[in-house]
Structures are given as C-alpha cells and as structure tokens.
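In what follows, structures are represented as structure tokens.
Look at the two complexes coming up: subunit A is in both, with subunit B in one and subunit C in the other.
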Partner chain A sequence: MTESASYPPIDPTTFDLILVGTGLPESVIAAAASAAGKTVLHLDPNSFYGSHFSSLPLDELTSFLTSHSTTSTSSSHPHLPPSTAIDGEDYISVDLETRPVYSDLDISSHSSEPLEHSRKFNLDPAGPRVLFCADSAIDLMLKSGTSQYIEFKGVDASLVCDSDGKLSTVPDSRAAIFKDRTLGLTEKNQLMRFFKLVQEHLASDGDERGDNARISEEDLQSPFVEFLKKMRLPPKIKSIILYAIAMADYDQDDVEVCKDVLKTKDGIDRLALYQSSVSRFSNAPGALIYPMYGQGELPQGFCRRAAVKGCLYVLRMPVTALLMEKSSGHYKGVRLASGQDLFSRQLVLDPSFVVSLPLASSSPDFLQEISLDFRLKSAQGKVARGICIARSSLKPDVSNLLVVYPPRSLYPEQATSIRVLQIGSNLAVCPSGMFVLYLSALCDDADQGKKLLHAAMNALFTPDVSGNPENSSSVQCENTEEVKSTLLWSALYMQELNMASFESISFTPMPDGNLNYNGVLDATMKLFKKMYPDEEYFPETTSPENSEDDEGISLES
Partner chain B sequence: MSSRRRMLLKVIILGDSGVGKTSLMNQYVNRKFSNQYKATIGADFLTKEVQFEDRLFTLQIWDTAGQERFQSLGVAFYRGADCCVLAYDVNVMKSFDNLNNWREEFLIQAAPSDPENFPFVVLGNKIDVDGGNSRVVSEKKAKAWCASKGNIPYFETSAKEGFNVEAAFECIAKNALKNEPEEEIYLPDTIDVAGGGRQQRSSGCEC
Partner chain C sequence: MATSGNKNINAKLVLLGDVGAGKSSLVLRFVKGQFVEFQESTIGAAFFSQTLAVNDATVKFEIWDTAGQERYHSLAPMYYRGAAAAIIVFDITNQTSFDRAKKWVQELQAQGNPNMVMALAGNKADLLDARKVTAEEAQAYAQENGLFFLETSAKTATNVNDIFYEIAKRLPRAQPVENPSGMVLMDRPAERAASASCCS
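Moving on to the complex of A and B:
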C-alpha cells in the first residue's frame, strides 16, 4: 500500500460518483453510471480487482480473509478512538475504517504442495457460485458488453445426496430421466407428468382463461412442498426438485420451523429457470456454467466496460476519511491515503467499510443523525463457507460438478442445504492434478456453520490425511462410483450477510448465500435506480460495438 | 488444441499514458490518426484479419482503456495474451525507463508458462515529433535494452505518419502466432454466450 504514494495526483478532483471497492455490485454500478454519462472514479485499497467477489492466488486469499476477519486488527487505527477533524472552513473529516465481515476463519494445510503453486490458483472468497445459463446475469453481461471479456465452461454434472447418503445425478431433462437407472418406471412417469404440467403452465402464462393446464392460484400461493405432495411425487424426487433444482436452503418439510418457505409460484419459476438453462447453449453440458479463471472475472469485466466509458481506475488507494459539509453534515468527498481530497455528489462503499463517528457528547448534532444513516443494514444469519483443495475429483471422469446435500441428508439436525461446487484445472482455477471444492450453507451462528461444513467434508474426503503416501491419495468407496479424495488444504469461515442500502452514502451488499448472482445483481440494479432514477440501466445501444453486434440476441433455441 | 483458439490471437499494448498506444492500434487497423490527444476513453479492442501461409487469423489488439494511468490494469487484461507490445515515446525518457516495469508487470500478471521465450515487441513511437530534434532516447540505447531482455524485436514508429506501423504489427502477429499457449485449459471449448460474437466483433473507438 506504500505504492499509493508514488501515484501522481488524481485529476480531475470532482466527480459525479466515487465508488470504493471493486466487488461485483460496485463494478456494475460503475459501468452503468459511466454508460449513462456520469463522471466516475473507482477506487480500491487492494492491488487486485473484485473485493469480496474476487478470485485470488492461494497466499493472497489467505491474507484477504485474514485481514477482513474478526481476529485481526484490520482497521487502520485499531486502538485509537475515531476522530473527526475540522478542516479549513467548510469541511469536517470523519475517519473511514474497515470492519470484519468474516469470522471464525480456520485454515488447515495438510500438504505444502498447494502453497508451492500459490499463483496457479484463482480462488473465490464468495464461492460456491455459478451462473445458470438462462440467468438474467448473462443478459446483463450481453447488454453491457461485458460478455466479450469472459469465457465460460459448463458444470458437467449435478449430483444430489439422498437419505441413504448416496449421490445420484439430478435428472434435468427428458433424456436424463429416461436414462436414469436409479428411478423406477412409476417415478419416471410421475416426473414426466409433473414436468409436462409445469411446461403447460408456463406456456399458458399470460393466457387469461383459466384452463386446465394452469396451476390454480391457490396452489401457486401454497408451499411448493405441498404442491409436490399433491402431485404425488415420491420423497426422492421431491428432494431433488426442492434442493437440487429450485436450490431451496431450508428444510421445506418442516413448514413450522422453516425460515424460508418456498411458494409454488417461486418454485415453478426456479424450475423454469433450470429448464431453460439446460437448453440455452448448445455446448453447455447442463444448466450451470462457470467463468474461466474464476468468478473474479465478472467484476473485472464490468470495470473494463466502465473504463471504456471513461471511468477512472485507481487500485492500491485507500480512502482514509470522508469529508462532510460543516453546516449540513452532508457528504462532500473523500480523503485518500495519498492526502489528496476528492469530491463527488454520491459515494458508494463496499460493505466492509464503516464510517466511524466520534462519541455523541463531543460531536456536532448532525453527526448523531448521520450515525443512524450510515449504519449498514445487516440481514439475519450468516453463510458458512469453505474452500477445499483436493488431490482428486469426486467423480473420476468429471472435473466440474455440483453436489447438493439437502437438509437432514447428512445428520438429523442438518437444518440447511449444503452446496458443494468442484472446479478443476480446465477452468484455470488450480494446477492440474488438483481440484478446488467450494462449500456453503446458511447458518445462525459459527457453531452450526462449522458443523454443516464438517459434515460435508467428512462425506467428501478421507478422514486420514496425515502422512499418506502420494500414491494412495484416493480411496474407492464401497458401492458408489464416487471417490473420496485426499484433502490438501482448507479454509472455513463465516461470512456476514447484509442488504444494500441507499442514503447519501450507499453501501453495496456482501455476496449472498445463493448459488447464482441474481440476488446480488437485483439489489445492485435497485441501488442504481435509487441513485439515478432518471437514467436507464445499461441503455441498449451504448456504444458502436454494441450496435454492430446483432448476434448477441439470437441465443435461445 | 481448439481450432477456435488458434484462429484468435490476443495482443496487448502496454506503456505509459500518452505514448500513443491507441494511435498505433488505430493507425494499423483503421489507418487513421487523430492529433487530438485525450486520455483513452472508448477504446476497447480492435480486430484485424491477418493471413499467414494461406491461413486466416484474427488479431485482437487490446487497448489499456485508460486503466494504465494509475497502474490499475487487472489480471484479466493480461490473461491469454499471445504477444505483448511494449510502447514508449522516444521523446520522454521516463516512458522508456518504465518499459522494464511494464515487462515485469506483464510476466507477473500473465504468468506465461515459458516467460523466457514469451514474445514481446518494443515500439519507440513519435519519431516524427519536431523532426526528431526533441528525441531523448537513442535507437542504440533502446536496442541495447531489447537485446538484454532476450532479443526483443524493436521498431521505431510514427503512428501519426503511419511510418513502420504495418511492419511492426506484421512482426507482432508473426510472434503471436508462434506463441504456443498451454493446451490443457482450452479443452473442452468454452461456451460462447454471445453466439460467436466474440470472434467477429470489431470494436469502435469513440475518440
């Protein structure tokens, strides 16, 4: 960070918008605001793009997680009380500090090999995350011109754990249902009938006449699990649909304690997303795709779009304080680590920042008011995340795959789904001969979170990892084709969840607990629309290259 | 190796702000030059079809999009480059001194599998300025640096007058073609979310 001193002063000094942090939400807003003709300055204290949505080499991931965790002294002034200083005539400066967004970080290294190849890794702090082929995120990338910078490969297989602890393939198409040897003929027929009904319902959507094909409004508002029962789908199929296709987090069978009951309407929408994803791109093997070099490519793509539209980029530049107008307490600008003051109408901060205010007694009245405004709105619960580096693939012939452990599939008190995404070296996220597995599950606290992650890891990896000779690195499990792999390195941590907030200073959201980007990008779009109610969010023809590009639309088959 | 991959050659141009990176690209691809300097806004990448031994290739030349101003090019910019062009202004010593930093930055960020033999090409631009009287970096000095870094090909150019630009880019294309990328990560083919648009797209420059 000493490098910041060597930069020439930033010119101009006044902008429409300053953003601090280059996570996906900030990067999308930078690109959208630049496309709308705003003057934008985008800063990041790190030497890399992406903040909490980055993809990092192994050593950098470790230091990033550590520096944003509770146990560390991440703030620049850990023991000093927050201070305000009166600067000149008009402004008062208020310290900007970072707050921990990760906790209970637990890193174990069972082999020196991964660290020896540290730079060959591109690891996602916000994993597991993928895109559904039919996600609105893909449309946003096409519309904004970001898709030209990013390449994707498919997730080859999607597996779900049944009540016996066995993994089976998620049947996601008619052909897959026919081929599936684990389903009986009756089950196959039930599933086919159900998919047909859903398709007819979707096809008749917008059709005002309530004919037989449509699912009744009453059913649509009822819990999805009830509807699936009504359709007489067996428990195994129900579980696949709820947790491996609709990606429900909480135990839907226990409606009383379930924190997020999936309605039939939303369940059908998620089924539709899955089905249209399966057929969208001819060479994608399934519904899900993952970016080459990791998900950190997404924020970088949006930042490049922003830069092409004139946004100014300065990495390695911490912001030390905010400048407030003395008379009103309104946000006016930022003070950089280099000492330079820059001004803007609006400010967007990544969620790990906190505006630290002095004690009420010593502060001007307006500061007590803004202290309410500038507090980040936090959401309930946390997401437990794990990053594991393993010697071999979970399925010998497949490199990239998703595994879902539905609630209660691993142990009776398992309250939430655990999702595991394995990515191999053909996506350039690790050296060949290794695999990266991302785990996540929603939880109330760290104890519960760790228990969830450990349960999945016990199912995935061989228990004895110390002193294993290299050649016995994988053990064939009885009666399955899955292979238990040797764990080489792991990082487990709890990540805080928060909502985006819009005030005179806006905060972007942390990565949510979902598998895809829809929630984060929805919140981002809403934030942009609040900031710029009169501006279009990525106008269709923003640049000459977009107007030449008439192929981008003809995707769906 | 994927055929699609071999059809497309990625070239990136690095160098200090104002040395003429965008102008060099524009002169080569569009045969246009604008005297009006504006820190790059609107330039993304330009593409040009080149032919070698009866085969057509698409040269995709990436501009820094202004992100070099505060050394804030992300790792994604460097990735998968088949040739790296290092440009400086023969009239500005600092821009020449910084070539070493740009080269090292590239080798760290792009992390090519064989850094010793990765193709670079150095361009000394703006030799037209003031009839060459304001020149501060001699051809000898530049060539000596290139020789010390594994015989990097060196060209003196004027983007304004179009001098030597074509020859320089021919060398760039030839060297990009010789670069053998790591095979494994290109199998299987990537999914083209824009329906083939990436290869054919040519990008305009607004300035």
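Moving on to the complex of A and C:
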C-alpha cells in the first residue's frame, strides 16, 4: 500500500528513543533497546527496510544508489542557507538533510535486451557480504531470536587467484589440503605443520602447561606476514592464508602502501574464526553462509524482533527537522514530513543524514558548540563496490562462490585485495539462469577504485559482446575449468566509510569494507553500551518468541 | 511454502487486517482456547505453531502475527515470504476495516505466492446488533477474488477452528518447491560444533 499521506498521527508522541533509518546497526539497536524495555520509534523515509544494508529489486537499487550519489556536476549542491525557525516558546527547529554517501556511480547495460523481472532481483548495496558460520553476528542472531526468521545456504566454493592469474580452491581443511592437486607434497606438509602449530597455540590458551605450544608474544606482536615467512611457507600458501582466509585488505609485503598491517595475533584469530566456521553447521560445507533473499533479511529480522518487543514502525516517513531546546541547544525531538512533532530522550541517525546548521554569525552561541558535535568522523578512504549480473556461473557446477584477487595478482600496482562473491538463483536473489556478482576493494580515491573493479571484471567476464547477442554463451578460457561469463548489467560505485559516532545525537556506521558484519556489529554494540550503559545487550531468554505450544491441540477430522 | 512429506505438511500462515480487527484474538482462541475482552495491541507474541489433523494429512501451522508492523503499513517482505496461507481479518461492525481488508488482499496478490490459500474472516460475529458489513457483501467479494469466507467470533469461538481446518484441507498436498529452502540456524554451542546441525 503506497498511500503515505493517509497515516494516522503517531501515538504516543514521546519515546525513549527515536531511530531514523532501518539499516542493520539501527535495527539491532532498535531490537536491543526494545528488549531492554525502552519505548522505541523506528522511522525510515524509504518504502523498504534496510537502508544501506537492504536488498532491492533492480529498479529500486538503481534509484536508491542514484538518490544517495553525488552527481558528476560539482555544482549540484546549491547550499541553501539552512533554516532555523523559532518554534513556539521552548525549542527551535534545525533542518535535517541527507548527504551523498556514494559517488562515481556508473550503471551500464551490457546486453542489447533490457533485463526483465526487476522484482525477481534482491540486490545488496553493501555487497559482497557473507557470514562466517562462527561469526559473532550468528551468535547475536541466535541470542536475539532473529535467526528463526531467516534461512541460509552455504557458499559452496572459495577460490583465490594466484600470481599466474589462475584460480584455485582455497584449501581450508585437512581433507581439502590432501585432495588439492595443485599443492606439492612439500607444500602440503608445510601447510599441515602450520595449521597444527596454530591449533596447538589456540588450544594452549589459558593453559599453564601448554606454554611451549604457544607462539611467543614477540611473534604475536610482529606482522603476520613476517611470521608466515619465518614458518617458511611458500609465497602461494602465504597469499592464500593472508588474503583468502585472514581476508587482509592491503598488500602485506609492501610497507609503502599497506595501511593496515595484520599482526600475527589478529591473523591467528582470523584463522581460528575460519577453522571453527568450517565445522560449525553440518549443512554448510564451507566457512561461509549467505541468507536467502539477500542481506536485507538481516535488518528485517531485527526489526521484527524489535516490533515483537513493542517498537513502533513507520516506513515512508521522512524527518524534516530536529527540534532543539532553545535555552540549552539540547536535542528534544524530530519534525516529521507529515508535520507532526515527536519527542525522545535519544536520537540515532542513519549515516547519510547531516544536521545543517545556520551560519554562526546569526545563531545563538550554543549552535556553534553543537556544530562540533555533529561533525561526522571523517571518512577514512573509500570502498569501491560493483554489482554485476551475468548469464553463467564462473564455475560450471557451482552456483555460490567467493573469489579473492590478492594484491598484485591482477596488475603490479594493485594495492588492495579485491573480493568477488557470486550468488545464484537458488538463494532467490535473481531469476534462474542468472548470477549476481558483488565486487569490493578498499581504495583512496575513485580512480584507483574504478581501476581495481575494472581489472577484476576483465578477469571475470568476456569482452563486451553487446553488439552481438547471439554470442552470449560462455566462453571457455585456456586450460582451466573456470569459464568466463557474459556480463549483462553492472553498477559500479564508490562508497564512503563512516564510523559510528556517539554524541548528543548518535550516528550509525556505513557498511565497512569487510566481508562479514563483525566490524559493523561491534561498533553497533559499543554505540548501544554508550547510550544505555546500564542495560544488558540482548538479555538471555529461554524462548525467544512465544512458541511454547508445540504439542498443541489436534482437531479431529 | 507448504512442504509435504509423509502427509506431514508444514505451512506458514500469515494474518492480515487492520488494527483492532481481532487478528491476535483469533490466533489465541485457536492456539490456546483463550479470549481476552480488551486485548492490547499485539506486543510480545508474534509466532505460534499449531498442529491440525485433517483426513489425509497432519498440518503444522507456523502462524505469524504482524507484531504491530501493519499499523503504519510497514510490514516487511519477510512477513509474506513463503506463506502458504493467509487469513485476512476484518471487523463486521466496522465498514472501514472491511475496506482495508480489500487493500490487504491486493497487497497479498502483489507480494505473496500465487498458490496461497486465502481466507477472509468477518470477525466479531457475536456483535450482531452492531453489524455494518453484511455476510452477503463479504461473501460476494470473497468469491470474486478467490478467497473463502467465514464469519468468526474469537469471543464465542464460533468458526475459529473451522477456518483453520478449512485452510488445512485446501492446502496443496504436493507443491512444486519454487526455491529449495535453506537452513535455519539452530542454537547449539560452538564447542559441540561437530554434531551441530541445521534443519532444512
């Protein structure tokens, strides 16, 4: 139902917490605050759940990315002087505006026929993203009761590109190492020995007698890449461990470009996460799982949990202004597009909002102070993302797979890892016979980002054959079992990386450049703890929902 | 999606209808045999399961209540996904709630699975004196739109079991599964990882 104007006024008008935007962090906070007994109102200007963490039909994805992008003409933001209106006796209103979080959006159709069945697509603006089976995100879903709403499937294969440009399977278990025909006997033994060392180190945790099994503190604080060298692992194995298992972003061998050196301690933790993920659920053969219908199910699940605990939901409701107390400048409430004013103790905003402040000269003193509060934590680089729709799978018999292109595997100046996730129609994200490929890589600027994405796309897809639709079958490439797929449609864009911030008004983070949600959800939990230092983050309950009546009554026929 | 095996059918059933039509009351009557005169808007319970035996099968309903998200038309697609049946509830003493019910039927036809079994429940049938929607009008609407119609009373239990029973009878016994379903994560400690499994 789309008639937005016919909403009854929201009742009540005062809440403990108002959240604007239904992205994953806001949805988790809404669920946690509702579970803690707070009165919560959750608003979203969009007609769908999930905001930057949604899954959208093709048309809606296009308009969502476009509406949150900077347009190429730089003069697109005629900065109107923000208005501050003195409302009534007690508070003033300050305009709430959105700022672009995506840039350099490039949407292209590579097929002569337009893609049909837009609504059969569920595309993730925050892709590529998966969950590791042992992720804290999984524990959070189980603990909060969200897991009962969502079904998952395993990602069937994990591939990594070697220095010759060939893709090989990531040997992620003992059995896989044994079976791997690309590894020599010496390599297998080295890898086995290394995994054993890591296991003994992890098993000795907190065990006094196990001290000699532990990796020394000096090693733990040293770069992981140095430790792997010390273990005399060959370059190919090193690369697999660093980029396809520990998912390091930057080139660890090049101190010049590496902005994030992975320490041995953290590298070992990520190996442990990967290993415990592989064996956690018997139905998931590998370490990674993906939700049916796309990542947007996660925020929807948390919102449903919040609603069950009393949180009020209103979609299609923009907030136009914030209400500030006249005397102190403290946040008081929000003004809705419907004209209604609502009040709350706390406010959480989606990262695409900015509070525009009046010119300092003409404003009361307190506004200059809050302007500092509202300044967002500055963006730290960008993440280049791509969404591609293709006709055939990269690997004929596998539908859902991850491909990692480590730094320098595609071109000498490639400074960051490029990750590609292919998801097929058996996860209900696209019509059958098609595949969705998500790409991402960290970058400093759009030029670098585009170069990274294009290099990966050249490796993945056959050259543009858009002039010749007959030629749309996949082409076998030299002596490998991977086939190059034909690209039908693509969207490339740069996304800002904003951190969460807690001030008198809190902001949630944008999706980060990682493959899983641990970073985002960690920031979310910290935000909740700052907002509600005395409340438990999802108290343990015996039955998450009221379904104690399993035996039930049976009616006779 | 209704999945069958040994004539055991699992079926997700969703409730739709305006605030105050009596969605939760119908479920509470069906599942627990209870009725509360002044039921508060739905908070707390939003998920019930109930098993019904019909002639040739055992149907386990997984009943989803709206959790209040219908109040401002903010139900998530997740709510409709895979639903094998729906009960659209209106209040026979309130013409607006009947008009809204028609909107919910449209919404279902747009969002839901095309093989869904849809029932229209004219609830509060015990309040005959206050009736605003005639049974004939509702029946005619239901027939035109491929629903079946019953007047129910959660208060007196009239037709409550019957409407669920009728849905159970109408559910397709074998349904081509559009998307083979995935796994639901089960709450098992990670330590027992080797034996942990997911049901599918």
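The criterion applied here is as follows: the second predicted complex is superposed on the first by the 515 of 557 C-alpha atoms of A that agree within 3 Å, B and C clash if a C-alpha of one lies under 4 Å from a C-alpha of the other, contacts with A are read in each partner's own complex, and residues count from 1 in each chain.
In this text, contacts are C-beta pairs under 8 Å (C-beta built on N, C-alpha and C of every residue); 3 or more make two chains touch, one makes a residue touch a chain.
Please read these numbers as outputs of a predicted model, since none were measured by experiment.
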Partner chain in contact with A:K309 - subunit B first, subunit C second, else both or neither: both
Touching partner for A:S276 - first (subunit B), second (subunit C), both, neither: second
Contacts of A:N426 with subunit B and subunit C, given as first, second, both or neither: both
Contacts of A:G301 with subunit B and subunit C, given as first, second, both or neither: both
Which of subunit B and subunit C A:K153 touches, first, second, both or neither: both
Contacts of A:D341 with subunit B and subunit C, given as first, second, both or neither: neither
Touched partner set for A:A134, first subunit B, second subunit C, both or neither: second
Contacts on subunit A seen with subunit B and repeated with subunit C across the two complexes: 7, 10, 48-49, 138, 141-142, 147-149, 151-153, 281, 283-284, 292-293, 297, 300-301, 303-304, 307-310, 312-317, 426-428, 545, 549, 551-552, 554-555
Residue ranges of subunit C in contact with subunit A within the complex: 31-33, 43-55, 67-69, 71-74, 76-79, 81, 103, 106-107, 161, 164-165, 179-187, 190, 193-198, 200
For the subunit A and subunit C complex, residues of the former touching the latter: 1, 7-8, 10, 48-49, 134, 138, 141-142, 147-153, 276, 279-284, 291-293, 297, 300-301, 303-304, 307-310, 312-317, 426-428, 545-547, 549-557
Touching residues (chain side subunit A, partner subunit B) in the complex: 3, 7, 10, 48-49, 119-120, 138, 141-142, 145, 147-149, 151-154, 281, 283-284, 289, 292-293, 296-297, 300-301, 303-304, 307-310, 312-317, 425-428, 432, 543-545, 548-549, 551-552, 554-555
Subunit A partner contacts - residues on subunit B that touch it in the complex: 41-44, 65-67, 69-72, 74-77, 79, 111, 184-185, 187-198, 200-204, 206
